[in-house]
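You will see two complexes here that share subunit A, one where it goes with subunit B and one where it goes with subunit C.
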Partner chain A sequence: MEKLRYERPIIKKLNVGFVNKFGTQAKNEVVTNLEGVGVKELIKEFGSPLFVISEKQIRRNYQHASRVFKTRYPKVQFAWSYKTNYLNAVCKVFHQEGSWAEVVSGFEYEKALANGVPGSKIIFNGPDKTDDQLVTAARNNSLIHIDHFDELYSLIKLSEEFQLKPKVAIRVNMDTGIYPRWDRFGFNYENGQAWTAISRIMSCEHLNLVGLHCHIGTFMMESSAYAIAATKLCQLSWDISEKFGRHIQYLDLGGGFPSTNTLKGSYLPGTDTVPGIDQFADAITDVILGFGFRQEELPLLILETGRALIDDAGYLLGTVLANKRLSDGRSSTVMDFGVNSLFTSFWYDHKVTPAQEGGQYTEETVLYGPLCMNIDVIRENVVLPLLKKGDHLVVHKVGAYNMTQWMQFITLRPNIVLLDQSSHPHLIRKAETLEYLESVEIVPHHLSKNS
Partner chain B sequence: MNIKRHWGTINELILPAALNSYSIVFFLNNRLFAIGMIVLSFFNFYAGLSGLIATMTAVLIANTMGFDKIQLRQGLYSFNALLIGLGMGTFFDPGFVYFSLLFLAVLLTLILSVTLGGWLGKYGLPHLSIPFVIGFWLIVLPSSSFENLGLTQRNIYWINEAYSVGGSNLVNFLQSIDSLTINKLSDTYLRSLSSIFFQNNLLSGLLISVLLLISSRIAFTLSIIGFLTAYFFASFTGSATAGFSYYNIGANYIMTALAVGGFFVIPSKKSYLWTILLVPLTSLVLLFMTKLFNGIQLPVFSLPFSVVVIYFIYFLMLRRNPAGLILTPIQNYSPESNLYSYANNKIRLAQLLYYPLHLPFWGEWIVSQGHNGQYTHKGEWGKAFDFMLLDEEMKSFTGNGTRCEQYHCYNKPILAPADGVVEEIIDGIEDNDIGKSDLLNNWGNTITIRHLPGLYTQLSHLRKDSFKVAVGDHVKCGDILANCGNSGRSPQPHLHFQVQASPKPGTKTISYPFSYYLGAGSNGKKLFSFALPVEGEIISGVRTDNLLKRAFDLSPGTLLKFRYTDQSGLEHFNKWEAFTDAYNNSYLYCDTTNSSAYYVNDGNMLYFTTFYGSKNSLLYYFYLTAFKVLLGHYENLEIVDQLPLNTLPNRNGMIWINDFIAPFANRVKAKYSMLQTGSDDPYQPQSLTLTSKIDLSIFGKTRKACSGTILLDNNRIEKFTFLHNKIKIEATCISSSS
Partner chain C sequence: MRFKKNIATSDTGFIFNPGSGDSFSSNSIGSEILAFFKEDKSRNEIIELICAKYDVEKNQLEKDLDDFFSQLRDHNLLDE
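Entry: the complex of A and B
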């Protein structure tokens, strides 16, 4: 007979009376393996903490989103939002599936090129593009999305100087009934700024206006906002063709579709409240299809969906460092990963599950990271079984933004593993080492002498 | 200007008409052959001369009187005049009276040709040489009363004739050939051939047989088959003494073989077999007629052949199911061309019969039930399709699949498969719960659309209140009709699609293909044309592209002007214009080379069907390069097709050998393929390069024949290149208008 697992004793308040309308508490979900690969084995091989990305899930997400749009609208193109996760392996999975690249900096632009994306399939967004980068993008026939007048003027000047004819679009910001309004990017629709920019571009023979772009926000919970955005872009496109006789080739509705993570402060979990991608697709395509474009002149619909395609393909595995009782009597657990690796724990109440079978008892716990900083809280309150030092936890839906916004702070960044379609793990980013970190440091001569 | 116009008429009408009169006698349309025959006809000088005079007279009269220029050009009005000229010149002495009579005879033959042609033409039958026979009878019988017209003995003393033309050298030469000791069979064969032009010498026979071989391997083979059959039949029955003359074999048996074996019928095993059967039959008719007409002193000439062939064609025409033995649908005046273009058209152009229907949805759907499916597509309702959406795990739903909304295809837009008018709509039926079927309202919410009289499509199980169109609306292909639902006999959301002959929902189905769609190929996507998708196939529609559509919009009146340099560095200009002929076939015509390339543009595909004219023309190179162009922009999608062998650039020795066996088994194939290789934008390219090549597979060995590229820019064909052996053409468009 196997030795019974030791579990520390707890005292729990006994609830008597009727069950409330939410029913009894569900049994704690245990995730011992990811796509058939044991968490314990993964940690044993690649160390803890460890990011794990599922290639199968990425492809499933992409194909799902692609099908959802392409069965509703004849011309749809996705562009992978590099900032969401620009690990080369991840980007290449998206490009293999047919995704273009959407980049917001010169560094991302170069990364996309290096990943084999042809220049004409790179969308260059963002407020920060240097002159050199603009010229390179124009020469590569990339789609340059102009963010502000200063950029527009530089691009006009550069195009004249270098005899270029870049393909451009303008980013439009607008009131879609959503708060906060993202009016810091692009040209405003309501106050006529967008139209001024369009007129300026149309009067410049060096710029080729091919598209209109908007990005109304992030983690949008309201599909109707996209309908409003689509209507306004269609209206602009229509006006352009009326006034200038120019047929706008594409409408880029940007990103912002939510993943099923639970935002902090939400009463119900994200899985129940977040609209499905179908609803967004319906809202957008209904507007464009019904706007009155001739069939052969329907614009290409570009989507820069990031989060919704990658979030649930990423996991963070970690190990319990210690259990502590706080002064107010609450239980807390210290993990070997913190907000430095799991940046999104500032936004979400991440779903956390134990990676090994435990007893039936659970306890409300505060989940801390290992940093010697007070802000290092992963979950303020999570119901977990009674954990021991050395036990493993799995944090779910961490694929978006963490592996780009993470901080090298106090600890070094961990390994990242990709589970391929046959669940074979591949190390796709090595854990950082002191040498790696110091390879970019330069100690001035007068300090380098050991005295 | 006037002179130029006259010269144009002479060059484009009179001259071809005269030349074709000579070659059409052998059912060919070949200048080399015609010139050979003209030279040969002058071996008997006056016969040749009166033949030429007769032909020119008939052609000029027919042209002046305004008869059909196409028939005139083919020599159909004048070849009987040629025969009568040759015949009279052979049998009568030249003189004033003779030429007057010749003129009358030509007039008579022309009248007979036109009227007989008109009468028989209604039934699609040829008049063959009946006008000549009747015309000659009308001269021969009265001729004994014309004292001033002398019967000639020149054809008996032909050596004198030759001497007067070419002196002793020619006589010696002719005699040496004529006295060549070759075997009896060859001798008879060659003399029989020469007798078709009323001659009896080996040199003419030899020339004709060589010309036949050069012009058509099939015609040459058939002439031998016809001759041998006649020869052996005569020996077998012992009828040699009665009906065995060179003329009888040449004019009747050999011509029967040429007509039935390879001209009016597509050359095949069966046509060759019928040739072997018909020659003895002709022999019977010949013997019968000879006996019958001897009494009234009329020679039968080629009457037996004409009668047998005309009757046989009519006999074939009355068949209900002409399997195997096909009457030539489009006459190319060459057995090889007829064979190769028919074989090619049979594969490629069967689709012309169909009205193009497109898939009624966007994206990649699966055929969940095909024709005669196992669930509900039974009996008269068997020719239907059910479509569904599956995900990567081949599941049709997410979650537990208990609600319609969880199904991938639910609520997806359903499109009009082609232009048409909405005939009927059934709406207001609720979606079923998953797993339940509404047998009361079998079709659920349904729409039927009329595309053509007798061609309706029905789309069923749609979602209630989702119709975007109303009864009586005109819909365009690709318009949204309604959304996919789960009403009627539908246990889970899917689309039912069927083609039927009447507007009422649920009438019996017709098997009808989809025009173009993409399915799974051996590597990547494959284009299917006019095919029926089968159960389990995952398919998506073809999206057309504006650049390709505009560049290849060759609607009638379009003018394309090109500048190009040939391999010797000379610069040329070339102009093509798009026309539509009387049968509503479109073609590009180049007047400098008098070439035309016929094409079809069905909105999704532009493909050439055939080419007539000069194989050194720019239009011909374009025909080969742009043989089939998909008007949608797809990278890595290979468009393949087969070229008719008769329009290949060079017909080398192996293809000649193939000509001999092609009626039985064609061993040469010309595979055309095209890829879109370079574009500046994956969705709406402004500039696009198409690369095509033609590979020849000759007796199992493949080699590259030619290749080309087409650059599209500025919404037109900006440039095209063609590469074949030493020919290297780069043509630039200098103007295009429509």
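Entry: the complex of A and C
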């Protein structure tokens, strides 16, 4: 006789009169495959844990965002924010779709060049650009977004010294009604600092002011903040035209649109609360179109959207190491990946689904990683079917910031696979090995002998 | 260590403790095990019965049974 499917015995208390804070019976969604490829098979071939990225979903996201903006405004350009996910395979998908590159460090700049982005289509942001990098970027005709006065004066000096005429913009910070205010980057609008920087640039024959930039925050829930930001950039552009007769070619509104993840502490899932990209597009384009520019003088609108274009294209697959009961009776599950790989579990209550059919019975459990640290919590509380050692879970919407902010701590970073448009898996970053790790270590001679 | 005598169980997994007024639900394997308790089956007998019926390794079941006992204890359903 065939034996029945086993599930470990559990009992849970019924709280009569209390509404379960997770709503009624949690939906028992099971995700056994990603775009037709079995989770089990992927893990078998590429190991666990495993990051999986969907090329199809990236392209879908990009094309959607692009359509939303281009149906509202005639001149739109996206620039892929490298820090969000700078795996070359990922960047190349964005570049194929037409994205420029937005970088914030020397190595990101070099990566963009190596990925075939022409210098003139690289936006160089951030407070940290060395003199050498500034000169290189100027020679490559890149768009240098100046962050502070020290950088402005360095660039003036270098441009005179090397007879360069770099294309520049300034990053502007401002009050958009959103807190915290990101006023540590760029020049402030309200106190006149931005205008001082603009005047200084206009008085320097070596610098070519072509744009204005802002990035007002990340995971912004208010589209109205973008309307305020757009208004202030339009005003600066207008004033530059009035005062100096200079036409500003582009306004760069930065990134910051939210993905559909659920921020920690929110009561409702992100899918229910997050404004769609069309609302942000409406807010921004209504302002620019209504500001009074002549049709032929409308600035190019640049967007450096990061997480909203990639988060839901990334998955993390993992395996249950153990089930444990905590001292207070709660159930907990230890996974083979922790906050070292899934950095964004500090921000989000990630959606987690089992990768195999389980029983109808569910329990609340704490999801831990394998690190020997108390902070290694993937989910403080999640309702899952009864898992057993060796079962697989899928963590959803992990495409942004994990594969760049992950830490090589206690465990080595795992393989990353890209599912192409016909769902073929391609290894795009190999799991780290001890050898890889130690290839950059040097043991001084006097310590080299093993005792 | 025994299951409290006065506790009512049903086949559907509903459990009621008249002493405290608390009610509980268990999955079907849990209620099967509770029924065995009530019949005063020993731990070894229970393990044998469950292993014969379900697709589970003995050592896995032993571990899960220990955990089940600790849940019952936490919920005050055992006479120590």
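Here is the rule we go by: the second predicted complex is superposed on the first by the 436 of 451 C-alpha atoms of A that agree within 3 Å, B and C clash if a C-alpha of one lies under 4 Å from a C-alpha of the other, contacts with A are read in each partner's own complex, and residues count from 1 in each chain.
In this text, a contact is a pair of C-beta atoms (placed from the backbone, for glycine too) under 8 Å apart; a residue touches a chain by one contact, two chains touch by 3 or more.
Bear in mind that the values here come from a model prediction, so they are computed numbers and not experimental data.
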Look at where subunit B and subunit C land on subunit A after superposing the complexes, then choose clash or fit.
-> fit
Using the touch definition from the top, say if A:13 reaches subunit B (first), subunit C (second), both or neither.
-> second
If you stack the two complexes on chain A, which partner ends up touching A:249: first (subunit B), second (subunit C), both, or neither?
-> first
State whether A:296 touches subunit B only (first), subunit C only (second), both chains, or neither.
-> first
Touching A:4 in the superposition: subunit B (first), subunit C (second), both, neither?
-> second
So, A:361: does it touch subunit B (first), subunit C (second), both, or neither?
-> second
Once the shared chain is lined up, is A:388 touching subunit B (first), subunit C (second), both, or neither of them?
-> second
Is A:165 in contact with subunit B, with subunit C, with both, or with neither (first, second, both, neither)?
-> neither
State whether A:44 touches subunit B only (first), subunit C only (second), both chains, or neither.
-> neither
Overlay on shared chain A, then closest C-alpha pair between subunit B and subunit C (Å) | 36
Subunit A residues touching subunit C in their complex are 3-14, 16, 323, 325, 329, 359, 361, 386, 388-389
Within their complex, state which residues of subunit A touch subunit B.
-> 59-60, 63-64, 67, 70-75, 77, 120-121, 141, 167, 249-250, 282, 289, 295-296, 300
Within the complex, which stretch of subunit C touches subunit A?
-> 15, 22-27, 29-30, 32-33, 52-56, 60-61, 64-65, 67-68, 70-72, 74-75, 77
Going by the contact rule at the top, pick out the subunit B residues touching subunit A in the complex.
-> 361-365, 389, 391-393, 408-409, 411-413, 476, 478-480, 543-544, 546, 549, 680-684
